[in-house]
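Each of the next two complexes has chain A plus one more chain, namely chain B in the first and chain C in the second.
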Partner chain A sequence: MALNFFDQFLSPTHLGIPLVLIAMIFPWVLYPSPSNRWLNNRLVTLQGQFFNRFTQQLLLPLNQGGHKWALILLSLMVFLLSINMLGLLPYTFTPTTQLSLNMGLAVPFWLATVIIGMRNQPTAALGHLLPEGTPVPLIPVLIIIETISLFIRPIALGVRLTANLTAGHLLIQLIAT
Partner chain B sequence: MLSRLVLTSGSALKNSGSFGACVVQASRSIHSSPQSKAPLPPLPEKGGKIRHGIFPEELFSLLYPKTGVTGPYMLGTGLLLYMLSKEIYVINHETFAALSISSVIIYGIKKFGPGVAAYADKLNEEKVAKAQEVKDVAVARLAQAIEDEKKEQWRVEGRHMLFDTKRNNVTMLLETNYRERLHMVTSEVKRRLDYQVELQNLHRRMEQEHMVNWVEQNVVKSITPQQEKESIAKCISDLKVLAKATQARAAV
Partner chain C sequence: MADRPVPLAERRLMDVKLAELPNWLGKRDFTPNGLIRSVRGGYDRYFNKYINVKKGGIGGIAMLLVGYIALSYAWEYDHIKHDRWRKYH
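Moving on to the complex of A and B:
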């Protein structure tokens, strides 16, 4: 085997030009933007229906105020979904196997939620640090623990995505041979 | 098909100038081209013609004048052989993976393609049917309204008879009322007049009685005792004569 299993995770460059941007932009090509017709062609109809149902499922547990996150959450999820699914094809590169991309997505999102929470309702945001029904002597320890967990969260989520994808692709390669 | 996708999305990029992948409203705010309000041309019935599932028909018609029918196939074969021989495309384990995955994908598309297309068509049909239903319901309601209006107009035509009857009724009531009152007036007037007549009668009777009483009183006053005795003797003699006559009649 001339290639080892980890070659697929190298960021692709050709003649010194990083091609990772093409890999990231490519899914945009697959989703045609809907025109202002009422009845569209099949692809646009299916795509529209899929996005509608997806968003509906996504926003089920949220109240009305949470619905303004719909666009960014939907676009993020569809982006990640398509990038990861496309990475299963041979001769493709999955950008999300790079830790840099995942941390670049995770940290701003997490920081945004924390800052917005602190700005709009600081007491409720701080109240999340203490779970309900804890015995009184444990309160200081628990607050420290919850703060640490809050700050670890972006790193945890980013690394989780990277590891999942890397492991999955690797596993598929292993099973394929 | 994918190549056509790239072409169309490229043109869409030219038109829209935004990265709105799913929401038209988000893309509209960064539109750079002027939006025309002209009616859109209708969608073509079928998508662009493709051959072997990937290559658009335009490629074949492009190469046809120069190379004939086999042109594109020769091009494809030549490219493939060139890349293989020069090891630009290396055959490794990924090749086999690519072959298996592509065969699965092709099988999937052939099997489920028509089903998915039918589903997409069904979605559109349902949309149209819903709007059509609204239109039909509205049209039916309006037709019903027209029917009702016609009926109302027919009813209105007959209404003058109703008015005539009512007018007659009212006239009769007025007439009856008038006659009643007239009768009452006449009866009242008659009563007053009767009263006056009675009064006069009473007056005359009283005068008569008074006069008779006065005459009697005068007569009784004027009867002297002499006259009285004479009259009593006359009465007794008369009675005797009568008694004799009666006795004679009874004996007979």
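Moving on to the complex of A and C:
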């Protein structure tokens, strides 16, 4: 019986090396870089097909300018996907259960989108703060509300990822004991 | 049957006699570059033997994952040993 159901989320160290380092570097091993050959091995071929389809789906709603984000979005998604799936194996450690990692991913991304939006099209970026068709008396209140929701977004998204993964692992442990 | 004597530093691990093991370890290249080179060399050998083949199966990746599980278990042993089945806690 576990002493405390949340013990599984402590970050273990051994010989001074935290397991989180290994857990974050291991996905790198699973994705070998494709060679110049026409026909690669099965693993690289399968991964290539998956990445192609994924990127295609991801970029469907974006115009040409948005395609610049393809690389970073794809790499982020693959990183998170592999880390979370590897956390399902027995005895492994999932780094995304730690709030620090999720906030470290959420805040820079969100801040980047806000700043780039403000730089390139300030009017349109500020215009997002007011939905279309609001009655005139409601405008000041709604702008305040939208600003607050904009600033809370990274915290909400980061905490959401942490909570989802933690809840999943906790549920598995509760069912198991 | 007389092979040419190869210097100790250049032999592979399987060719080193047990008594010579500490000497062999002492001669290996433990600089950061050397470590990176040996890790990369090991990875390339594994990759080319099990994954980069014409009809690779699930074994190549499965061995990696099992090794990862074993490593995580060993890393967390001190923490997990509290979870043993006991009559009295």
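Following the convention adopted for this analysis, the second predicted complex is superposed on the first by the 174 of 177 C-alpha atoms of A that agree within 3 Å, B and C clash if a C-alpha of one lies under 4 Å from a C-alpha of the other, contacts with A are read in each partner's own complex, and residues count from 1 in each chain.
Definition applied: contacts are C-beta pairs under 8 Å (C-beta built on N, C-alpha and C of every residue); 3 or more make two chains touch, one makes a residue touch a chain.
Predicted, not measured: the structure shown is a model, and the values here were computed from it.
In the superposition on chain A, contact is made by A:L74 with chain B only, not with chain C.
Once the two complexes are overlaid on the shared chain, A:N41 sits against chain B and chain C alike. Within the superposed three-chain model, A:F93 lies in touch with chain C and out of touch with chain B [touch as defined at top]. When the two complexes are overlaid on their common chain A, residue A:F51 makes contact with chain B while staying clear of chain C. When the two structures are aligned on the shared chain, A:P32 is found in touch with chain B and with chain C.
By the touch criterion defined above, A:R119 lies against neither chain B nor chain C after alignment on the C-alpha atoms of chain A.
Applying the stated contact rule after C-alpha superposition, one finds that A:I22 touches chain C and leaves chain B untouched. Judged by the number of chain A residues each one touches, B leads among chain B and chain C. In the superposition on the C-alpha atoms of chain A, the part of chain A touched by chain B in one complex and by chain C in the other spans residues 1-3, 29-30, 32, 41-43, 89-91.
Those residues of chain B whose C-beta lies close enough to touch chain A in the complex are 5-6, 8-9, 12, 16, 19-24, 26-27, 40, 43, 47, 90, 92-98, 101, 116-117, 119-121, 123-124, 127-128. Here chain A touches chain B in the complex through residues 1-3, 28-43, 45-49, 51, 71, 74-75, 78, 88-91, 173, 176-177, going by the rule given at the top. Interface residues of chain A, counted against chain C in their complex, comprise 1-3, 7, 10, 12, 14, 19, 22-23, 26, 29-30, 32, 41-43, 86, 89-93.
Here chain C touches chain A in the complex through residues 43, 47, 51-56, 60-61, 64-65, 68-69, 71-76, 78-80, 82-83, 89, going by the rule given at the top.
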